[in-house]
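Some notes on the structure that comes next.
The first chain written gets the first letter, and so on, giving A, B, C and D; residue counts start at 1 in each chain.
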Amino acid sequence: MKELHEECGVFGIYASSVQDVGNATYYGLYALQHRGQDSAGIVVNDGGVFTVRKDLGLVGDVFDKDSLLDLGEGKIALGHVRYGTAGTATRENAQPMVVSHVKGNLAIAYNGSLINNGELRNQLELEGSIFHSTTDTEVITYIITKERLKQPSIEHAVFEALKKLKGAYSLVLMSPTKLIAARDPHGFRPLCYGKKDDGSYVIASESCALDAVGAKLVRDVAPGEVIVIDPMGIRSFKENCGTCKMSSCVFEFVYFARPDSVVDGCSVHQARVNAGRYLAKSSPCDADVVIGVPDSGLDAAIGYANESGIPYEIGFLKNKYIGRTFIFPNQKDREDQVRKKLNPISSVVKGKRVVMVDDSIVRGTTCARIVRLLREAGATEVHMRVSSPPFLNPCYYGTDIPSRECLIACNHSIEEIRDIIGVDSLGYLEYEDVKKIATGDGCKGFCTACFDGQYPTEIPDRTLKNRFEVKINIDKKKERH
Amino acid sequence: MKELHEECGVFGIYASSVQDVGNATYYGLYALQHRGQDSAGIVVNDGGVFTVRKDLGLVGDVFDKDSLLDLGEGKIALGHVRYGTAGTATRENAQPMVVSHVKGNLAIAYNGSLINNGELRNQLELEGSIFHSTTDTEVITYIITKERLKQPSIEHAVFEALKKLKGAYSLVLMSPTKLIAARDPHGFRPLCYGKKDDGSYVIASESCALDAVGAKLVRDVAPGEVIVIDPMGIRSFKENCGTCKMSSCVFEFVYFARPDSVVDGCSVHQARVNAGRYLAKSSPCDADVVIGVPDSGLDAAIGYANESGIPYEIGFLKNKYIGRTFIFPNQKDREDQVRKKLNPISSVVKGKRVVMVDDSIVRGTTCARIVRLLREAGATEVHMRVSSPPFLNPCYYGTDIPSRECLIACNHSIEEIRDIIGVDSLGYLEYEDVKKIATGDGCKGFCTACFDGQYPTEIPDRTLKNRFEVKINIDKKKERH
Amino acid sequence: MKELHEECGVFGIYASSVQDVGNATYYGLYALQHRGQDSAGIVVNDGGVFTVRKDLGLVGDVFDKDSLLDLGEGKIALGHVRYGTAGTATRENAQPMVVSHVKGNLAIAYNGSLINNGELRNQLELEGSIFHSTTDTEVITYIITKERLKQPSIEHAVFEALKKLKGAYSLVLMSPTKLIAARDPHGFRPLCYGKKDDGSYVIASESCALDAVGAKLVRDVAPGEVIVIDPMGIRSFKENCGTCKMSSCVFEFVYFARPDSVVDGCSVHQARVNAGRYLAKSSPCDADVVIGVPDSGLDAAIGYANESGIPYEIGFLKNKYIGRTFIFPNQKDREDQVRKKLNPISSVVKGKRVVMVDDSIVRGTTCARIVRLLREAGATEVHMRVSSPPFLNPCYYGTDIPSRECLIACNHSIEEIRDIIGVDSLGYLEYEDVKKIATGDGCKGFCTACFDGQYPTEIPDRTLKNRFEVKINIDKKKERH
Amino acid sequence: MKELHEECGVFGIYASSVQDVGNATYYGLYALQHRGQDSAGIVVNDGGVFTVRKDLGLVGDVFDKDSLLDLGEGKIALGHVRYGTAGTATRENAQPMVVSHVKGNLAIAYNGSLINNGELRNQLELEGSIFHSTTDTEVITYIITKERLKQPSIEHAVFEALKKLKGAYSLVLMSPTKLIAARDPHGFRPLCYGKKDDGSYVIASESCALDAVGAKLVRDVAPGEVIVIDPMGIRSFKENCGTCKMSSCVFEFVYFARPDSVVDGCSVHQARVNAGRYLAKSSPCDADVVIGVPDSGLDAAIGYANESGIPYEIGFLKNKYIGRTFIFPNQKDREDQVRKKLNPISSVVKGKRVVMVDDSIVRGTTCARIVRLLREAGATEVHMRVSSPPFLNPCYYGTDIPSRECLIACNHSIEEIRDIIGVDSLGYLEYEDVKKIATGDGCKGFCTACFDGQYPTEIPDRTLKNRFEVKINIDKKKERH
């Protein structure tokens, strides 16, 4: 019921021997499924022969026993899950992208968003390039393969190609013999790698995917770093590191990443508990019980309860069977969809003053409905606490956020919002506090542009952007299937 | 990952006017889905014309927009979800059962298990009856329709027919003009009814289904009571009430029912919290953090934490995308299936002495794997607390429990179990305490036969039982489709 | 593109040993698919244990490799394909019907239509019987199982039960140890049996199904005969034979049966060629070429050409890929659907006077469109010849024919029809000739009621019929799923 | 049951106004389905915005009501059906190919096979091109788009690009405003265009697709011609015409094309009847009846019968329900697959000396089985007549023919073949006669390389070919999905 979306999850494995790397990738993608539910893909590399399967749908829709078997065994594999903004969730845009070029096969899985995508694509088209998709990935693939004609190795080509890219990218790519990972110098999106007991290396957007395949987290890929894994072992290229201030997305900690992941050295669950604690300090409340909105508000609710001393309780039953097949035959039913998914536990809230914690308020409508449910269940007061600051600006670095017209905080004061959602009091996490919630060694700077509008890079020029958007819109229509 | 199964959920609605009673039933069944995942069915009654759809699968598999539309509108509807023991999950056995007899159409939805099913079926066959399924429901249907030839009304027929049934039954049935509910005199299985603002009556296995359709719980159907709803209003037949001691299934409170339901006057969530509290008193522990095994151990963990003063935390991330499409291509992967579904949050357990609460231990294998995960994540001690007594005896009243050979508590001492699952200490809820956890007005006696072997009724005779089982086995094979 | 429908095909096999009788039945049903496209089912009998699979759809929709494997091996099997009139093509009505009664399992596959279905069902309901379907088959099943309580064997029960049935029936039934076939005394519907080299017996609606499983046709089941196959061999009960005049359906020869079948001793193809020859004699024509409308008019066209001396040619290409998935997105396209399926071969008809032969004209619209196509392709004259007399009366014996309002011959003179379909001349087979087309030893009398209104039995009384139809209509609605 | 495959069918429409060009293309592809059953695709062009849908499967699998609706309306559309040799029937290789380049969108549908595909692809890769598929089409697309940078219009670019291609191609392409058709100078594959009454132009591989959409055949596209249709009307570029001798594929007339099509001015049905006539002259026979093997032998059988004076008859019933869902659970059943699909009509062949006509013998196994069926049905003699010369050489121009090891005529004398298939006499069409069967104005020369090894072009060099094949094999594995 959240309207914010991470755009992708990437996974790569370089095994110690030829084995069922496709299966490992399948498990890794299941652990990254929260980062993209529109398409999924796996490529297995067996001695330079690439076998690929990708399609629209969840990992469990795209892969079954037979299709995993068809992928065969190999030494290297790549996987991807994708969320596409409206109209771009097409089969053509599904990743990993797999192409053959003069040096053989190449596959790329990518998470991020380029600022200069439009310029790069224009230039490539003028050189005679043809495009099968609307993705940044195809642009990156061209730049790398063209660079490869000039460079002695694929890693040199990648290294040179990345210098031309502006924006956010965490990518994993696979040549016939190498697995390569790269993270942009700002470190917008997470990327880490780990190792299994048998010596296999695993690269993933989040450490929870390493856990899923039994790999131990070694460390995060540093902003600007390129890591190469091949028969000679693992090597790091750090020449591009430190060229700009780290600006990792703080919303990964607030909402996107899975709570059991460790990102840039910090437990995501702990960061959310910390957010709840800061919130309890800055927005205290006289109440009987603290509850979280499942699932995104639970961690911060624990923090709020512990800091405030108000008991933590389970306030809602979330119907775990309600998935994509659940429907609302009538419009009036749809309006009450929250009720079918979340049911308050009345014995917990009846006659109580309730603190309800969630990670954010986007449009406010779902929130208002949940509050009404609590009151119907007998809560005497409902105090809402939000474990992030108000959400005010668009993101150009790989997440999908509704337009400003839809963002309640862009159009209303906090008092108005309180009134709209119908709570007795409303408190947001302080802007100063949001940068403190993640405390890992690698947490050296955050992008908080969605809260403060301070973009770490230039942003797409209005004119160029418009031109580009028109083109995209045309393409969107084209690919609606 | 639990090996215990409730066998059915029932739902009925008698609307104040002709309306989309099929949709309401659809929502009600979604709320009861935890009571049966093998088949689902809805019958809509429009002036005596019954439109039915039922099939194997979850509610969301069986019904889509078109099929709900095809059900049409009506004044009365019946719904059912079913769990079938191995081999009986067939299309023929899907409910509600719909037949036509001399007085028109009749539909029945049933939750329970008859002790004297074999005798009744034999007798009916000797009178020339033919059977299309292996369900108790078909036996009950015959007894009611045959009684109907002698009685002045369907409710009289039901009332007389029930006198011949021995065992557990909570049933809802629908004639062309009436909706009838009945609960056996022991009250083994829950059944309640509620009312909507527009005057519609709703009957369901659990109150969470009333919430899902916006009905307010009026009260539970009393053990032995028959309730009739027709154009003249609602009437109760209580002549059979009090003929025996109430013996409602305590495992509904421990595990089967949804925590947001209120059964026999008691909040299920609260009963579980109570179980956690009793457990903290009888099996205290010196530890740093209390966590629950999702989802069944969470409520009791809260109770344990509150009573013991040890902080409650979220110990595991449960992968919400892992459903029926998730597969394990290799056997060795399958052995590690727990890992893919549950991942410990290491920041919570690392370096900590952990109390892990769950509602029961069945075979012990899943449990042992979870404990190993916690230790790998850095827990220094793991203390398991189980919010029910050891599970020792089969159930003859409508739940599916593995055979004694598989039940770890039947074959090992508690110390052996502790050793097998690899915990530092192990505590079960005291047998005396389990009867105290549910504290509602209607909680006047429990069936605890699974813990103590004290069956409230005679149980099927060995000879008869064997004969019956052979017949069933033959039928099982027949219906494997 | 024909609006006349045979209602069922039946198949049974009694093998010489336990073997893959399910596979044989599958092939047999494929050969009988033209007799019913709405549902298909197979029951395999392995020592009294029946394994069944049946569902809506073509044989190839209902069965795949896994489901055939699941049927297992056995000694006896039964199969059925069904065409259901509007509203009765439901899963409940799919056959074979499989029930268990006091003597074990019983399965029945049935082709026909009872005249006294309504009376029999009423009486059974008054005795306490419940009905799960609206089929004649369930009525027959009850009558047989009730009779079984009084008779010493299943064959005696069948024999006695059949005495109560009025109308058309060709049925095959299977008890735990026996395969039984029966054909009504009028012999309305075909039924024959054959033998394989390994000693297995096969019973089927048409001999083409015997060919499909490598069995040699022994002979037709005689009108009124009951045949029993069990471990003692094959036995015939002929006491009911000759109780009335044979009245086999002449439309089986004209259209329903497959041309490669031999029915009651006569080749169906040859009967159609004969019809063409009679037609050439009674309705000669001065023309350049004779063509048939695929596929139903091809055989008679050969006969017409041979008799008349006008050369036979292939006049149309029928698109073999156009099946059930072919759609007409727009209404105006639908009107031209004939064009997508049949394309005239212009080099054959251009500048020619064409005789076009088909087996019947039902509504006339399709026919008119085909004629226009021929003229557009350059035919200078089109002379239509129909290889049966005009179609004037409803059928009560198991075929589905549009109501009189839709039958063009009920509402127009031949001259008017000629004008409506736009041909230069129109000739029907003479009524006297239709009885002569089938010349086999077993062809001792035909039902030609659809042409002459002379029904061989009483027909359902108007009052009773209406009452019955109302009931059916209610049930139809009920079972719309 | 034929092992020879045409590789593609193409369709394009330029409508007189914005309309449902997607629907028209759908009907056109259904008429061309015999030219490719592996994948299907449609692209609709609405003012430069391309909407595409393509996938593996038959036209009816890929498109349903919703997907046709999603294609929207437009002024131009392109369609393609494809047969892929083993391993290349992948989703990536499905056509039409749609790309965006510097001048906007471009879509191409292609039937043929390039001789110099390997060289061209190598050169493109060295210039930095990346490939998503293994098709000739992607190579052609690159060459056209690169040429487009240098040329003033898309038609100039196409015209220049085609000069670089060697081999067989009939292609249709679509720019934002133009529909362009081109046929190689040898005219290997057919291509024609027509016009509808409303002024819309239609281009298709065969005229039967024009019939299906109500367009009248104007003429064939001449070998070497490029036709451009845009808002200014239709224009022809014939500079490349006549640069080499016409060599249209004679097997289109023998087997590939649909009998109702007119190719290069000659009716395909008539060409086959002619083949039958020549065969009757060169291989006469003393027999009672002439039958054709459905469907490919029927036309020639008519010709044989007419020329010889032996009566034509319908010898087999072909089961029209046996499609892709039909399975053979057991290996021994598979061996008898012919029996399930074709059943002799015994009344036609019993006691007769039969002439059986088919268009070709490939491996001989199917043929031998059919002959045995005829003998079992009572034929006293079976004389086989083949309406083409023996098949001896591979095709490099766009058809898929088994390797020489599998071709019976490469390894056996005619007498040996006669013996293997078990006929009393065997006659092939004379090599001299095959060039005479098609008699249209446009039939100015045929490629008969499969019979005589006289290839109209250089053929791929062994070394280059091998290198290329290895590459393809790698890619095949890659794309197995």
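The criterion applied here is as follows: a contact is a pair of C-beta atoms (placed from the backbone, for glycine too) under 8 Å apart; a residue touches a chain by one contact, two chains touch by 3 or more.
Please read all numbers here as calculations on a predicted model, not as lab measurements.
Between chain B and chain D, the least number of touching-chain steps is 2.
Of all chains, the one whose Cα centroid sits at the greatest distance from that of chain A is C. Taking the mean of the C-alpha atoms as each chain's centre, chain A and chain C sit 61 Å apart.
A straight line joining the Cα centres of chain A and chain D is 48 Å long. With centres set at the average Cα position, the gap from chain C to chain D is 38 Å. Of all possible chain pairings, those that touch are A-B, A-D, B-C, C-D.
Listing the residues of chain C that touch chain D in their complex gives 20, 23, 26-27, 30-31, 33-34, 58-61, 63-65, 68-69, 208, 211-212, 214, 258-260, 262, 267, 269-270, 295, 298-299, 302, 306, 311-314, 316-317, 319-323, 325-327, 329-330, 333, 336, 339-340, 343-348. Put simply, chain B touches chain C in their complex at residues 48-53, 67, 70, 91, 98-102, 105-106, 125-132, 141-142, 145-146, 149, 474-475, 477-481.
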